[in-house]
Amino acid sequence: MHMLRNDYSEGAAPQILQALVDTNAEQCVGYTEGDPHCERARKLIREACGLLEDEADVEFCVGGTSANVIALSGMLRDWEGVICTPDAHIVVHETGALAATGRTPLPTRDADGFLSPAEAERVWRFQTSTGRHMTRPAAVYVTDTTEVGGVWTRERLDAICDWAHGHGLTVFLDGARLASALTSSENDLTLEHIAHTVDAFYLGGTKNGMLFGEAMVIRDPRLREAFPYLQKERGGLMAKGRLLGVQFEAALDPANADQGGEVPYWRLARHANALAGQLRDGLVALGYEPYGHSASNQQFFAVTPEQQAAFEQAVGCETFYVLDDGRRVVRFVTSWASEEQDVLDLLALAKRVA
Amino acid sequence: MHMLRNDYSEGAAPQILQALVDTNAEQCVGYTEGDPHCERARKLIREACGLLEDEADVEFCVGGTSANVIALSGMLRDWEGVICTPDAHIVVHETGALAATGRTPLPTRDADGFLSPAEAERVWRFQTSTGRHMTRPAAVYVTDTTEVGGVWTRERLDAICDWAHGHGLTVFLDGARLASALTSSENDLTLEHIAHTVDAFYLGGTKNGMLFGEAMVIRDPRLREAFPYLQKERGGLMAKGRLLGVQFEAALDPANADQGGEVPYWRLARHANALAGQLRDGLVALGYEPYGHSASNQQFFAVTPEQQAAFEQAVGCETFYVLDDGRRVVRFVTSWASEEQDVLDLLALAKRVA
Amino acid sequence: MHMLRNDYSEGAAPQILQALVDTNAEQCVGYTEGDPHCERARKLIREACGLLEDEADVEFCVGGTSANVIALSGMLRDWEGVICTPDAHIVVHETGALAATGRTPLPTRDADGFLSPAEAERVWRFQTSTGRHMTRPAAVYVTDTTEVGGVWTRERLDAICDWAHGHGLTVFLDGARLASALTSSENDLTLEHIAHTVDAFYLGGTKNGMLFGEAMVIRDPRLREAFPYLQKERGGLMAKGRLLGVQFEAALDPANADQGGEVPYWRLARHANALAGQLRDGLVALGYEPYGHSASNQQFFAVTPEQQAAFEQAVGCETFYVLDDGRRVVRFVTSWASEEQDVLDLLALAKRVA
Amino acid sequence: MHMLRNDYSEGAAPQILQALVDTNAEQCVGYTEGDPHCERARKLIREACGLLEDEADVEFCVGGTSANVIALSGMLRDWEGVICTPDAHIVVHETGALAATGRTPLPTRDADGFLSPAEAERVWRFQTSTGRHMTRPAAVYVTDTTEVGGVWTRERLDAICDWAHGHGLTVFLDGARLASALTSSENDLTLEHIAHTVDAFYLGGTKNGMLFGEAMVIRDPRLREAFPYLQKERGGLMAKGRLLGVQFEAALDPANADQGGEVPYWRLARHANALAGQLRDGLVALGYEPYGHSASNQQFFAVTPEQQAAFEQAVGCETFYVLDDGRRVVRFVTSWASEEQDVLDLLALAKRVA
């Protein structure tokens, strides 16, 4: 039985690993600077986004924290800050990596993982109330899916982007799990729409079947200029840059599409989502209570301590919160490597300890 | 014919790539925090260093710049600096990554790539001459092999370490090409001696047959405490940390040793050195003039512009300097992937354009 | 009629200005490094704190933000953070100055300006729940008086200090208005107790009759070592350092004491507090509603927009919040330069617009 | 006898001190944000520079290091550096304050304190030779007078500015001793020319008769936008900002001009220069050897250890270098407060120990 602990427990999906093996002996220039794989991956990503070469840069990062730091420190000047939810990855899970570049996250009070224009407006008004004496908001940070598995709708995303652009702020979308979002049953966004709406975002690879890697799509002029230098300065430039190109090329290559024409990047995420949905429906049918609402590959449930212990032992799920009534909020995460039998086994266990 | 452009042109050496394939389906905890491969690699490295678990930490970085930044920002306080040669990687090739953490490199005037006690002493005296008004030196940074391929002797290394420790400074050794150094014909150092003499160093993987990765050995108490946090804060912590463990495990596993008992980590470097030596001897025999002295896998030669053009076209070698007489200093780099025929082909070309 | 806008509207109190004039022609060494005035001021401050020379350093800063940044960046390592209230000066009013050094403020939900052990404990638990993945709390920041004029009691201060020290955190007290706090009718703390309880704090001068200047008392060993260098590195070291010494010397010199034996530093603050109390009592008697509770030189009242306009025109008071019912929270600030007639005039106006 | 140790040994020149006394009781808004003295000083400075209000901002800093850090961190982006001489104040005397903002000084090999286009070009070529892998030069830093008392000519300044602007770099001029430079017998520059040639510079006050303060004139658009925020974020914003306005107003007020129409700002510096010239000529006449060439208020001489001891005891001069022949380079500094008798006394001593 596989763990359902997280979506970065394994190595790479088979097609992606194979591409690394197949290209291993090639000699390439380093640093993502012109090798054929990075160039082809850039082309495939631009095409998927409906962007021309002069409209956007595509760059490759080794991981999510590094991507967030490079992007936000390039979009913000020293004294500027980024409005985000209080549970944002950049606030909670990155050991102050953004502050280490002198930039400040400015959390709202949004409790559901979605950044709202009303809360952004409140923070904006407060932070601009005494001019130079306060960190000035200059960007907003959103994540699709959210930290708790939420899927952004087009209406929601357009609303926060309209608000931001109306106030002269840029929008950065952390897409560590964007593939899960865009293949969710509740999604009504397209990659093309996102690419034309936000100012920079990335297509996550680490949590969607690659060994590592995130592909950043940058329309923001300031970040386009800054990125190459900041990536090196922040320690995020990989010598064997081709590894990033090879993986994204394999994930997006039409030659790797299935019969329905879907390339691995989406297929892997769709698979994970399907199993997560099956898991959620099964648990709900058994009377378990979901915590929040997720239609993506992370599922949160409020369970008793005994159930938590049983689930953790079986599938390594993590405990996120302890509720006031003593129950635990646990998280199950499916991935491209999860199998239906894993879900069935978990549901069988859940039935026993219900 | 292979390029002799650099030692990070290919993917991974076969044994190492195979280990990644073999372990791909395993589920591991992330972030190098306790998966069996990282743990075993740590053990193998400690053993090779003759260090007990409580004497040193072993941590894994994704690349050299990231490793240098994390280590030095952990060894130095905000107002402290690191004495190094003027051609040091941290001065010249890292886009101010160290300064981006607020720490300052303090270059000497050493012209040969080796940091000398006399120059270190000069910088130390100057930088401490007005107390709080100057960046205070608190560490020294050395590289084995040096930027220009030089191999440190035990006498040299002991001298700078004695000087540093005598002045209360710590020593960091950048080992991006340490495998090449320790398998050089001119080496008289042992890994064990280095590990017991410097305060922190790393065993380079990226330039010695791995996809990426450097293994940091840390005895310095301040850095031991800082490293886990700084690695995350500086964006250098890999989610699928096991990839680093798997590669170092494969490179150092006695099960992968050859008949002479040598594990891949040293065998790959010895191979590169042998070919580099053959290349150097062949060029010298043809009348070419070496630039500086290298007994490692980088070889520098002063050639005419026509020769430079011919060599660059053939093997992609880089041009480092233009001399006053118009000649170019080119660099040939061999790696685990280079073959004897590559050297023979280059020598044939060199004979034609001599 | 004087403005009651803030306590840094004028120059210096007469005794302090006179001392600057009297010593103007003296030649002194610079940078607070050994001139007789800084040395004597250090001695007077240590005596007032009941601290021996080897127990604490006394250093002089040009202003509050500079003092906060130097102190906290010296008490915290790169990845560490400081627990504080959400309205803390370092969070709200310093344009991210602390983040600019890479350190992170970690706000609680305390709504009254006093940092509580319960909230500090909640933040601590959260921030240490995933180890290296989060900013680690290493200090707490408190202000006496608080941002909204609150005066710390000994019980409260001991409680948060006990909590902090019990968890291995240090305590920094921002004393920009400490003179007002310690001369408040509600104060039960002594300078000596504070000096022996917190790890570093400062005696504010800018808001208590000096042209500028804050005197930092440092027991924390890490900050003692860091301070001289950080002060220069953060741009906070004054060339004519004697100006700081001269002012604190004059403010604390027994030769300047009144008949009751009180030196200017306390007398000036006591004067401001007395007038603030008279103002508060007068307004309350007229039916005005205080906002929060202050027994110090800042007084907050909830008033109608018409009253706000009248008060602002008359005494320049600032508006801090707009309440849900449309009322404004305005702040009146008295200082050493305020006079009883100013209060009487304001009360007369308040009666007219009541 | 006055010390000739430095030009910040005393308080303020009488006219300036008097202005502080005269305005002490006025109530002003804080932070240099609109009080009448700052506004008038801004106007006087713009007029002296021949700049219209929309052409340049005038801002006030508390000291030189703070001014340098704010200006350069506002002119440079994170990965950019500033070309300067190796003896530049920002390299040698500021404890890495610029690096603490992540920006990197890029020293040339100019040995005489003047930044030359040839050396700037060499550094530029080197630093742009590998693109993103190196700190990119984006500004140059010059000081008038230089660290060793040199006075820039118009030809020299135009040459480096032309070079910089021709390469897309901006120019920052550190004017800590600009008054001494512009009143030097060897000066052929005008304030107006400087103001229209460099992109930002400051008029030093600390070393020219003020208690503290430097007035920054900013034409660079990036710095104009950044300055207000960076000044607060870097801890360099003074609460009682009017103190800066009052002093510069007094120094530049035509009402304070002498019979020849010269305002104190220039008169004070001219006085110091005259005495320094008398000192230099007298020492040379006695056979003492100048070190370098200065026509400003700092004079350097190479003397024997015995002479050094005698001079230090008499006038507190500092020793800057020890020459290979054992002689010491000492520095004499005159100021607005020096008197002719001081020079005569020193010359008498010099005659005795010659």
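Each chain carries a letter (A, B, C and D) given by its place in the written order, and its residues are counted from 1.
By our rule, a contact is a pair of C-beta atoms (placed from the backbone, for glycine too) under 8 Å apart; a residue touches a chain by one contact, two chains touch by 3 or more.
Small disclaimer: the values here were computed from a predicted structure and weren't measured.
Equivalent interface to B-C within the set A-B, A-D or C-D: A-D (over half of contact pairs identical by residue number). A centroid comparison over C-alpha atoms places B as the chain most distant from chain C. Computed from the mean C-alpha positions, the centre of chain A lies at a distance of 34 Å from the centre of chain B.
Once the centre of each chain is set as its mean CA position, chain A and chain C turn out to be 43 Å apart. Computed from the mean C-alpha positions, the centre of chain A lies at a distance of 51 Å from the centre of chain D.
Each of residues 78-79, 94-96, 100-102, 132-133, 136, 229, 232-233, 237 in chain A touches at least two other chains. Remark: chain D residues 78-79, 81, 92-96, 99-104, 130, 132-136 touch chain B in the complex. By the touch rule above, chain C contacts chain D in their complex via residues 2-3, 5-6, 8-12, 17, 20-21, 23-30, 62-66, 69-70, 94-97, 100-101, 206-207, 211-212, 229, 232-240, 242-243, 316, 337.
Listed in rising order, the residues of chain D touching chain A in the complex are 31, 73, 77-80, 101-102, 131-133, 136, 226, 228-233, 237.
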